[in-house]
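Inspection log for the structure reproduced underneath, given as structure tokens.
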Amino acid sequence: MADQIKPAGGDRSQLEYYADLLEEAQRIKGISLWKDAWRRLKKNRPAMVSMVFLILLSLLALLTPLLPLQSPSEQNLDDGQFLGPSLAAATLPLSKELADHDTAVEALIVQRNEVAPGPEQQQLDREIAALQQESPLSQYWNNPGPITRSLIRLRATLFGDWCFPSLCGTDNLGRDVLSRLFWGARVSLVVGIVATLVSLLIGVSYGATAGYLGGRVDAIMMRIVDVIYSVPFIFVVIFLITILSEESIRESLNDIGIDQVMIFYVVIGAIYWLTMARVVRGQVISLKNEQFVEAARVVGASPRRIIFRHLVPNVMGIVIIYLTLTIPAVMRFEAFLSFLGLGVSPPDVSWGLLVNEGLQDITPVKIYWWTVTFSGLSLALTLFALSFLGDGMRDALDPRMKNR
Amino acid sequence: MARFLVKRLGWMLLTIWVVYTVSFFLMRAVPGGPFSSEKKIPPAIKRNIEARYKMDRPIHEQYFSHLWSTICLDLGPSYKLEDYTVNEVIAQGFPVSASLGIFAMFFALTVGLTSGVISAVHRNSPYDLSFMLMATIGIAVPNFVLASIAVVLFVFVWPIFPAAGWGQLSQIILPAICLGAPFAGYIARLTRTGMLEVLGMDYIRTAYAKGLGTRQVVVRHALRGALLPVVSYLGPATAGILSGSLVLERIFALPGMGSHFIEAATQRDYTLAMGMVLIYTVLLFVMNTLVDLSYSIIDPRVEVEG
Amino acid sequence: MSHKIRTIFPCLVLVVGAMAMVWAVSFGTLPRADFAFNNGDEIKTVDPAKATGVPEGRVINALFEGLLRQHPLERAPDEHGIVPLAPATRGVAESYSISDDGRIYTFHLRSTARWSNGEPVTAEDFAWSWRRMLHPETGSQYAYQLYYVVGAEAYNMSQVKVGDQVEVELEDRENPQQLFPRGTILRGILTGMDDAAENFSVEVKEEKAGQIDWQGDGQLRHFTKVTAEKPGEGERCYHLLPDFDSHVGIRVTAGDTLVVTLNNRTPYFTDLVAFYPLYPVNRKCVEQHGSPNWTKPGNIVSNGPFLLEFRRIRDRVRMIRNPDYWNAGIVDLQVVDALAIKSQTTSLNMYINGQLDWTTTVPNPIIPDLRDRPDFKTAPMLTTYFYRLNVERPPLDNVLVRQALNMAIDKKKIVEKVTKAGQLPARSFVPPGLPGFKSALCGEFNPERARQLLAEAGFENGRGLPRIEILYNTSEGHRDIAQVIQQDWKKNLRINVILRNLEWGTFLDTLNETDYAVARSGWIGDYADANTFLDMFVTGGTNNETNWGNSEYDQLIKKAGKEKDSERRLEILHQAERILMDEMPIIPIYFYRSINMVQDRVEGFSANIQDIHPLHLLRVRPHGE
């Protein structure tokens, strides 16, 4: 404490006094919001476990193409249908096929480069493009993107032909459930995160603008939110999806490059921005009259700059809290839609789709339990973890708990 | 109170009007959509649609005439089902969904309230911990996963319930339980928190001091206070039950409004889907209004928001 | 808020809650039916003239009855487990006779046949119903089954030429939306007509004492059709058709006698008469209520062994025994439920639980485990599972592409690994087993050759091919087959395929509008002759639904229809099938086996080659016995 330091005067000079004060100050570390929250979070066991689980899951989902899994869409009708979980060895003849494919492509490229530019070269270009399409990568996985492709190639170099055995069994067409789980995780998690980000983007901008501008504009904007809020959004969204999946519309959207999954992101994100907007508006209103905003205005910052450079970063705390509420809700909704058949369509996989297919395999005569159990469990565990983590983060970021 | 109701009604009409207008224009503006002339429709349905929607009239006339019919509760012919009008489909599906919803709500309230009260009274006992764990599971796990597991366990492993269908009482019990379970969990948690708060209050201590038994204290004095958060939760709970019924009716093959709505979505039966969205909006509004009213009646401290 | 309200309120809530519970309980219970079976999906309609599917057929066969009926013979099954079908007999017609040249059929109706409103079923009812079915505005998809009758095709296709006796329907219908009751019908001779047949003039003859005086004087009047693009000055009218009474060979000679004249001898005509599109409907009922309201439970008038009690959408059709049915004595079932369950798994579950007495479908993966059960009945069936290709939608407009698609499918794998009930992979459209008929075969499974064909078509390695969509009606079995074919085409031809599924009624409509690229289809022989499979695909045929047409094919079918020598006739049909297989507007996948599971308490159920199980012939022992 400053009062323990002997003041200047007497045998102490001003300099010594200030030196002592400085030393004292440096010893007392200030505590920021985030550090404080992190400290509290660490003490919350379930939340930490959930966080570890989720980080692991996200990593695995991201790196799925790298993992030595079997193909999620390759059917094995010969004798591979409805096999129970087992440790039987499994292989994917990837290395040889890839090698052959690469040799063929290279040969064509060499040929192409030797020829003078002209129709012959164009013809070779076309052949190369066609050959690329035939790659075993497109065969075993559903039209992977370029990053995914490189990851799969890396996997082929690292693991060769070896795959995890069908630890979760196979489904009615002989497809490996384990790999479908992982690829489904990618879809579910990506939709969860991206849709949430969409809702975040819309909600935060909308709420911050409304809160800052205030007055009439605010009143109208919030009225709109209220009206939309009272509409049972799930039903409207399903209606929207109905319209958007009309063939001609789907085709035209496809031509622009928007495929069905992207429609999802936007449509699902469009439900959840309302709460975010309201919450952010509330925060902004309370922050609006703080000094730092006043200062920015005095300096001459435009409203846009004030909103986005100054206000928004300060509402991040509460935004994160609502993020943790929204992501599980979005994931649950995506699974819900896929379960009903309105979500992703085969050959894409999603956890909701897997649960739906699995349910149809349960009969009194034979219970093929593994198709529904593993997907259901993954979905349940992930939502569980998100819920625990969300609770934990909410408690951690609660300003009333500061320094406890 | 009357002012409150009138305001609510106005709000509902505004919302419905917005939904109606947006759907109306969406359906017509979209190229290749349902009412565009390029779309081939089966002749019988085409006759119905043309008779009802007066496709040859200018668009604003269509808008208002359809709006008027909708207000008079005539929602038009189905776009895909030759033999049925939207009203008929809703009329047939509504009682099934309603009975399912009523059972589910009943289950949620009884189980939720009882377990919440017991948990609160015997705080931190094994009952409390297990109830709260089950509640968390019920809330976190999506209801179709819960239902799938319930089907595996209670229909096939231990054949207690019939698998699907509708018509016998036994066929509605399992779906109602699966539908109500998440809400039972939430209500249990709410009740427990509410009860704990109330039980800590002075007037409860007074009641105990007077010599009243636990049951009397809990039921006659504490319960009312603890009920408030539950009552206000009933609004979102109804919304949840309505949307939850979509998947459950599909799993258990119940011919309710939910399954008709999903079929309408998959078949792209626009008129039916739009009609049902309007009905759901109205239902939710009515339920929310009733809940708000009840809330104000139960809690003397709350002034009905005028 | 007064204190009184506050105290009453909880009690009020409890009372309302209790009432709600009581209502919910009472609503959720339905008295149990004697016999419940899974009809597959929600039926599209109950109108005999408008239905085309098997689920509709089962219900229509219970509610209505035609001149004749098809029954399985009352005999023990043979070594394949099949009971043959009896020749069509015993319907509303008590007896019938055929003239020596095989062209004139005389049906004598029984006097005891009644409509459910008490009126007798007369020959006039049949004549009117068949006229309705042939009327172009009804849009019956099975109208071509009456084309064997003189003048029927011309009537259905509105084919008139100058000098013909015609009928004109004026624009004065009671209800413009309904075909019946029709507007004023004027009959006369067509004197002139423009190219588009929109504006024409008719010398209208007078009607004296119920008969048209064709020889007498007529009044020349001009008409223009309501649908005309270039309307003229004449009176507005709906239709210009050949005069039914003078042209079409359907005549009522007495109240109970119907005389039908055919173009040529047609051995299977009696089977056609016993098939549901030719079942009668009650004129008063249809005219009073209009279509489709006449089919609603309160309005419907029917003449079959069962009456329609109620119809709950996507739940069930409940039928009750008709005590006034002329043969009510043999009908054992009192209350029958036809449930609409799409999911094969749910259907099996409900069957094993005892909620269903008969299921027509089971999940394919489980079939090997069910095969040894005594209640599992399977038999060969005169039915083909095939994919229709819309030949107007690129790239399916190229015959090489279609052939490539066919050769890229491993049909053997499908029947062995997916459908699993001993079906046969199909290389022709007509199933085997029809005596004397030799099928024409299409290409075998040969991915290499398929790729060559695709390259010849200009789509080497799938490059340049748009995505193809496979449409199927919602069912796990169809979905699994579609997924396997999706994989086959992807692996062997590098084609991207997406899947779409629709409910039965919507699916049928979409097929009818040919609003698809590739669609799953099935066809049961309506009678035991190759013609029922081949005459579908004539140019513009209502059951063609692929936009394909080939004039040589049409000629062959027509020729076969006229050929008297049966061996030569089958040879002509073989040639027709050859064209069909060469051009491939359809890809045959496999030949069905009927799969039924029937509870032990059900008697009178036998497998037969057309999988017909008339409900009025089934008997059940009561539950619990």
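Labels A, B and C are assigned to the chains in the order they are written; within every chain, residues are numbered from 1.
Just so it is clear, contacts are C-beta pairs under 8 Å (C-beta built on N, C-alpha and C of every residue); 3 or more make two chains touch, one makes a residue touch a chain.
For clarity, every value in this text was computed on a predicted model and none was experimentally measured.
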| item | value |
| --- | --- |
| Chain contact topology (line, ring, star, complete or other) | complete |
| Of B-C and A-C, whichever chain pair has more C-beta contact pairs | B-C |
| Centroid distance [mean C-alpha coordinates] between chain B and chain A, Å | 29 |
| CA centroid of chain B to CA centroid of chain C, Å | 40 |
| Centre-of-Cα separation between chain C and chain A, whole angstrom | 49 |
| Set of chain A residues in contact with two or more other chains | 247, 341, 359, 362-364 |
| In chain B, residues with contacts to at least two other chains | 159, 163, 266 |
| Interface hub residues of chain C, defined as touching at least two other chains | 343, 349, 353, 501 |
| Chain B partner contacts - residues on chain A that touch it in the complex | 227-228, 230-232, 234-236, 238-243, 245-249, 252, 328, 332, 335-336, 339-342, 352, 355, 358-359, 362-364, 367, 369, 372-373, 376, 379-380, 383-384, 387 |
| Touching residues on chain C, where the partner in the complex is chain A | 343-345, 348-349, 352-353, 363, 365-366, 369-370, 413, 416-418, 460-463, 469, 476, 480, 483-484, 486-487, 490-491, 494, 496, 498-499, 501 |
| Complex interface listing, chain C residues touching chain B | 1, 5-6, 9-10, 13, 17, 20-21, 23-25, 27-30, 32, 44-46, 50, 139, 177, 291-292, 295-296, 312-316, 339, 341, 343, 346, 349-350, 353, 355, 474, 501-503, 505-506, 509, 512-513, 515 |
| Residue ranges of chain B touching chain C (in the complex, touch as defined) | 40-45, 47-48, 51, 80-84, 88-89, 92-93, 95-96, 98-99, 102-103, 106, 155, 159, 162-169, 171-172, 253, 255, 259-260, 263, 266-267, 269, 294, 296-298, 300 |
| In the complex with chain C, residue positions of chain A that touch it | 73-75, 77-78, 81-82, 126, 129-131, 133-134, 138-139, 143, 172-173, 247, 341, 345-347, 359-366, 368 |
